[in-house]
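Shared between the two complexes below is chain A, which pairs with chain B and chain C, respectively.
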Partner chain A sequence: MEIPYTVTARKDTGLFNSKVGIWLFLASEVMLFGGLFSGYIFLRIYADYPWPERTLPVLPGLINTFVLIGSSVTVVFAWAALKMRQWRRFQVFMGITIACAAIFMVLKGIEYTAKWGHQAVRMDDYAIVEGHTHKAELDDHGHFHVIHGKKYPDHAFPANRIVFETNEIQIDLTRFYAPYMKELIEQAEERGSKILLADTIAGKRNPKADEKTVAMAGEELAVGFLKDARELFLDARAHNAGVRTDELRRLWRVAKKNNPGEPAYLLASSVQVDDAALAPRLVPATGTVKFNVQPPMPFVFKRSWIRESEESARLKDDTILRGKLQECPLVMGVDAIDFRYMAQKAEAAGKEPMSVIANSWLLQKPEYKELWKQHLESVEKLEQKLIDSHGWKDEARGIANRVPTDTERYRIGWKDLVEYKTGERPSMVQGFAGPSHKKEEFAKAFPELEIPNEKISLQSKFTPKWNTYYAIYFTLTGLHGLHVIGGAIVLAYYLFFSKGLYLRNPEWLANRVEVGGLFWHFVDLVWIFLFPILYLM
Partner chain B sequence: MADSPEAVKKAQKLYLLIGAILFVFTVVTLLVATVPALDVGRHGFDLADMTIGLLIASLKAGLVAAIFMHLSNEKRTIYVLISLGIVFGLAMILLIWFAYADPIEFKGFYDIGNLK
Partner chain C sequence: MSAEATAAHDEHHDDHHHDLPFYRKYIWSTDHKVIGIQYGITALLFLAFGFYLMMVMRWSIAYPHEPLPGWMSWIFTEEWKARWLQDGKVTGDTYNMFGAMHGTIMVFLGIVPLGFAAFGNYVVPLQIGTVDMAFPRLNMVSYWLYVIGGGIMCASFFMESGAAKSGWTNYSPLAGFADSQIVNQWLAGQTQWLLGMVFLISSSLLGAVNFLTTIINLRAKGMTWMRLPFFVWGMLVTGFLLLLAFPPLEVAAIMQLMDRVADSSFFMPSGLVSKTAGVLEVSGSGSPLLYQHLFWFLGHPEVYVLLLPAICCVAEIIPVNTRKPLWGYKSMVYAVLVLGFLSFIVWAHHMYLTGMGPVVSTFFQTTTVLISVPSVILLTSMIISLWGGSIRFTVPMLWAAAFLPMFGIGGLTGLPLAFNLVDLHLHDTYYVIGHFHYVVAPGVLFGLFAGVYHWYPKITGRFMDTFLGHLHFWPSLVFMNVLFFPMLTQGMAGFHRRWYNGGDAYLVEEGSGNIFGNTVLDWVAWNSVMSWGAWLLALAQIPFVINFFGSIRFGKKIKSDNPWDATTLEWATPTPPPHGNFTFDVAAYRGPYEYSRSDHEGDFYPQWEEPPREKAAPSKTTTTKESAKES
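And then the complex of A and B:
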């Protein structure tokens, strides 16, 4: 079948059809991104924490802007080449366009990786530290040790885990999550402990069925028999519920027969199932099984898996551990100290931010006290510099025309740390995608900090969990990145699989490339807004 | 729109020029945001910086739309389609104003005093 209006224009619209199509699509895209930008504005206006303005490393975003603008030019040249029937020229320009898309995604990947590897901790007094978690291990006695050095043993783990000395584990049969069970089994194996079933799991699916033994007491934890036990439990529970429902129905029939015309809400209190009488018809059904850990041993869990207290802990799948919470501080190399949130909270409470900060837990440590002193000196210098260049607004009352921002006042960034240590500020290129802990000269400027478990109120990598800024950052740039990938695939199809169409009907291919190019320009257009909004504001 | 091969050939110079302008504007955006001497308004990021940043971005977006996407020379149908998109897109952004319908913060829409 001939597809109409691929080359010639339709009379009523004056356009070939696919152009109307792409503009309809772009109109819907404008609305989609409009909604997301609206979300950004809303989150920013109503943020109840200091918005991290101008904190992303600018260089990757800047290069990506150049790359996308360049690709917008080349895609229009590729289309022009087709219009002039120059296949070779088309190939070159389209090739550059797709290469630009690849560069864009690689840079995006570098940026994302840096975020996902960067640790942030908010303490219970709203002081925030950022950095890289160090590695730790448990010694033979189960005590937590930080490993210093370049080489890590296999059993090393990031020093932001919860260590829980466990002697008893209770597993919820309907909710247990197999990967957690496997983790328990593996860790026990590694430390030479055994997780042994406390009581034999046996029972009947219903009173008439045969007694079935699923596992004997003393058997080692395995996912296989947990699944069998779950099946047995669910069958028994279903049987019991059925019996109860039948009994309730019978009681209602009797009650209605004995009290004709009486409304149900008056009868309800008299219709009661006699549990004792029902008991013989039921089968025992227990939804949890207990295991003993012999000998008791410390398990190491990701913080997102576990809610811990002193003597018990609960994994996300309702597995309950009993024992004792071990000393397991979060240990990191600190590359930024941020008191903005603390200052905001202090102001809200009517306190003097600087004195609240000076009394914070972190600044009781001599090393950090010294850093803060250095920082205050540098803020003072900046203040003086601004007064020298822009003068006073009201000298008598000490109000200057220009004053340092909250970020400059309350945040010690990684470049500040390096500057305080070495006297030299890293350049834009050196901090390409963020602070590098691999470079010796930087790493020595980043002090180690041990944060006790109870001081941590939120810890996260720089992901949507950390705050709404990163949530909207990943949503916007992620969706934009998907558009780049999608656009590149379509353009690559024109480049690699359209020679036949070019020879048959070059104008049709030119129109296709124009339509693909329109989408590509739109992707560029979105980035033109994303770059200043996310990186510079 | 430049549709004949000759017209397309001519238009290429314009495309290059626009590309160059976009590059320059990007650099200007960066400098205004990062170089202290070019900081407008108060020290650091503020409303003036935001206005300048968004104005430049809008200008760049306008150039891309007008020249690269040929909107400067397009049929009426397309204008209708895209303005619909923009109107509804703006409506999405203006939805934020509904936040002010919170009766505790904003008494304009919903005055408890009038309720008997």
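And then the complex of A and C:
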């Protein structure tokens, strides 16, 4: 059996099968990316905070654009070479195409890494700062210290963690998450504390079974016995549920017999399981176990793991810690200050943005006050420059043809900071993938900041969590990147594993390369849309 | 093209004789017929599972205070029951979980695979006269992606979080942070739903590409567009709907997945507070409305993806059993094309209550009313096809005949919902449930059952038993209506579709002044009637199961390869069709429904029968030149 039209085109449609297939597939791909682009427009138009504009470094994106366009050309050359039956030539051009894909992904990787290392904080007054988190350590008394200097000790942690002095831990048996438990155990070991079971865990699966002891009071926390305890609890709970269900069934049989024809909803309130009467048939089942931390010690957690209050903290798996929240500010080197959100909120509330900003928590610090003053001066200069070059619209009322944008007015970017400090603005190449805190000449322009816990309303790296712009950026470029990788794998297959097919049926291979090339062009086309909307607009 | 296949190519000559090992033949098969059967059986199993979930829900609605009876709860472990039932009673959470999964399983794992993938796979290549699908290996991949997707969905029942609980529509922000208490989000039911969906969508997309390519490029000689059986036309349109409507849902799934695992806020508005987690730590500013747009952009075409395969089956069965051409074949073809197009611009009629604004609502109200025109053309043509026919009431014909009024009720009850103003009252009531279940249960499923009984002889070489067929059909017809009709009235009285206890919470003492409470009191008794309809409907499927498996061995053997005296190409193959399908160089010489032609002996004139010589017809020995001219 042979499928017709795999190599030659069908006369009436003029197409071979896989060409029909790829065009249909591309139609669905258009709908896929069309959906995402529509989503982008929708989300950007209705965003209720200032949309980050032109925040990405343009250079890597620009290079990537040319790399992809170039590869689209070479893939056509590769196909043409096959049509001319020049295998060597095909190999060269296909090789270049795949190399371009690799360059594209490497640049993408550099960009992504820069994002993942970049801290951002939205404060409770809507001021936003961006930068790099420092590292910190706890001293012997459990106090929080920021480490300055190049070398970090092993126990250092990023200075955006929650530190919670704990003396008691309560664990939910059905929900505990083993990696959390291991983290608790490790931290306790490191600081020489012990997490000890408060009461013996023992019980029966059902009234007839033997009493089973899972762990004695004073035993150290271990995932193994927690699992045993969970098993015992689940068995006991299942037994109890069975007993109660049987009882409720019996009660309903009796109730229906005694009240024939009466609708169930009228009987419902009187048909209830009586716990006291059932007690002898039930077994005790407790779903939580308590541990004491001896001696009490501070635990360090990622912010996303924990919801903390002054006296208790809850991990995501319902593990409850009791004790005291420690002083643990977020400490960072700031490379951008953004008051646009604050200005928007102020305007919405009918207040003067500039005075709200001047009164913000951040600008109470002298260093930042000075920076802001410098910034206002430079905005003024810009204003004058715009008037000089574009003139007045209505000079009497002070309306200029061009005024600084909100971004220029309310945001101090990292290049601004460097300029205010050194008087020289970094070039496009110097900031290839964003601000570098490793370069001495830049780092000294980035001021330090300690943000106390209660001031933080949202903190994140530059990841989808930070705002919808980064979310759509990662979704779109990630999905596009997967297409690049997928396409490159297929093209590489043609390059490295298709010599046999070339010798047997070169036309078939040419068809395959044509179809692969069509897909490659589509991937390129998507990028040509992505680049302006994510990097330039 | 079989000429090509059987001619010179030496390296392929032994394909027919080469025995593939069992696993290649029946498990990792690339034969469209085996894949069709795989799809069919898997989908029937999922349908049964979805039906079971519904029975548990119906119990909760009718008897909210009573423990689930043993005959329903035996499949759960004691541990599972302790977790999800309260003293044996169905809880709101459990009801929501079963409701969400009932909808998902029925739509995405049951009916679409059964209608489009199973029937389409088996019948389409046969009807257009080709050897297989255009991309056989892709076809296999589609099936296995479907199995993986279904497996992921069902596995989530046994997770700590349970399966998804936010309705089959999975609306954000509810679905966005449901199960957010689970630390590893990849192991939360709500996330698993999205993952499963990504697999199912990929499966459907690959399937659609395959079907469309096959229909466009692999038609036999002489199989011109207007000689295509209506079945193939329907599948073509269905394929396009899947191809173009599913990607936006994939977008929605990917974005919601990002919301769940990467903490983005695509569908999370600012200032969200949840009861369990307090103020959510998200950046906010997302749009739940965007989710609904993306979802329903698929959701509405999906309705026609469910429906068209059933109409396709019925449109094949009616001409065979009335011995008449399908009335208005061409109008039906154009109607189905228009229907396909319009189905892309009606989606927001599911969203009248979201506050899109009157202008948008009016637009979608207009298109929605418009789409009833092609639907009515299809239905009317099939009804007129019955007129003056000498109808053979075979079992498939019974189902097909019942499909017409049942789908009619489903369609007509939809009209009031199309109107913005009426929908304000009926939205999210049992009226809506009644409406779409009339479309998909007695409508679509009856059409698909008709298809099963109709093509069974071709697949197995034996008829399904007629008596068991009647025993399946009549009770099903009665109990379907017992189950669904009261929903329409209850819905108009205001019963909300998401009451897990069937309105129990709104009951009042008799004689109370609470008007709504009194209405609920008037209609609440119907809950148990409908539930009994559901139990009995389940019983009525037992004859089908016996018949389906029993007839493979004990059914009456067919006497010819064309037991129903039909005209379309699938009946020209040996029974069951071998790998590669046709044993001769097949070609289509005429339209698909040439029954009772006065100029031809016998009451049917098959598409593949060569006309007598003097009519200067294409001969068997010609090459592909002919097909080029024809098409």
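The working rule: the second predicted complex is superposed on the first by the 534 of 537 C-alpha atoms of A that agree within 3 Å, B and C clash if a C-alpha of one lies under 4 Å from a C-alpha of the other, contacts with A are read in each partner's own complex, and residues count from 1 in each chain.
The rule we apply is simple: a residue touches a chain if its C-beta (ideal position, glycine included) is under 8 Å from a C-beta of that chain, and two chains touch if they have at least 3 such contacts.
Since we're looking at a predicted model, the values are computed, not measured.
Applying the stated contact rule after C-alpha superposition, one finds that A:A27 touches each of chain B and chain C.
In the superposition on chain A, contact of A:F291 is made with neither chain B nor chain C. With both complexes superposed, C is the one of chain B and chain C in contact with more chain A residues. Applying the stated contact rule after C-alpha superposition, one finds that A:V58 touches chain B and leaves chain C untouched.
After overlaying the two complexes on the shared chain, residue contacts for A:W414 are found with neither chain B nor chain C.
In the superposed model, A:Y473 makes contact with neither chain B nor chain C.
Contact with both chain B and chain C is seen for A:G35 once the two complexes are overlaid on the shared chain. By the document's definition of touching, neither partner reaches A:W372: not chain B, not chain C. After overlaying the two complexes on the shared chain, residue contacts for A:H239 are found with chain C alone; chain B is out of touch.
When both complexes are overlaid on chain A, the residue A:Y341 reaches neither chain B nor chain C. Shared contact residues of chain A with chain B and chain C: 13, 15, 20, 24, 27-29, 31, 34-35, 42, 46. Interface of chain A with chain B (complex): residues 13-15, 19-20, 23-24, 26-31, 33-35, 37-38, 41-42, 45-46, 53-54, 58, 62, 65-66, 69-70, 72-73, 76-77, 80, 83-85, 386, 390, 402-405, 407-408, 517-518, 521-522, 524-525, 528-529, 531-533, 536-537. Residue ranges on chain B touching chain A, taken from their complex, read 3, 5, 8-9, 11-12, 15-16, 18-19, 22-23, 26, 29-30, 33-34, 42-45, 49-50, 53-54, 56-57, 60-61, 64-65, 68-69, 75-78, 81-82, 84-86, 88-93, 95-96, 99.
Remark: chain A residues 1-5, 10-13, 15-18, 20-21, 24-25, 27-29, 31-32, 34-36, 39, 42-43, 46-49, 122, 174-175, 177, 179-180, 234-235, 237-242, 244-245, 247-249, 252, 263-265, 267-268, 271, 273, 304, 307, 316-318, 458, 460, 463-468, 470-472, 474-475, 479 touch chain C in the complex. Those residues of chain C whose C-beta lies close enough to touch chain A in the complex are 1, 4-5, 9, 12, 15-16, 63-67, 77-79, 81-83, 85, 87-89, 130-132, 134-136, 160, 181, 183-184, 205, 208-210, 212-213, 216-218, 243-248, 250-252, 254-255, 258, 262-266, 270, 277-278, 281-287, 290, 293-294, 297, 504, 507, 524-525, 579-580, 624, 627-628, 631.
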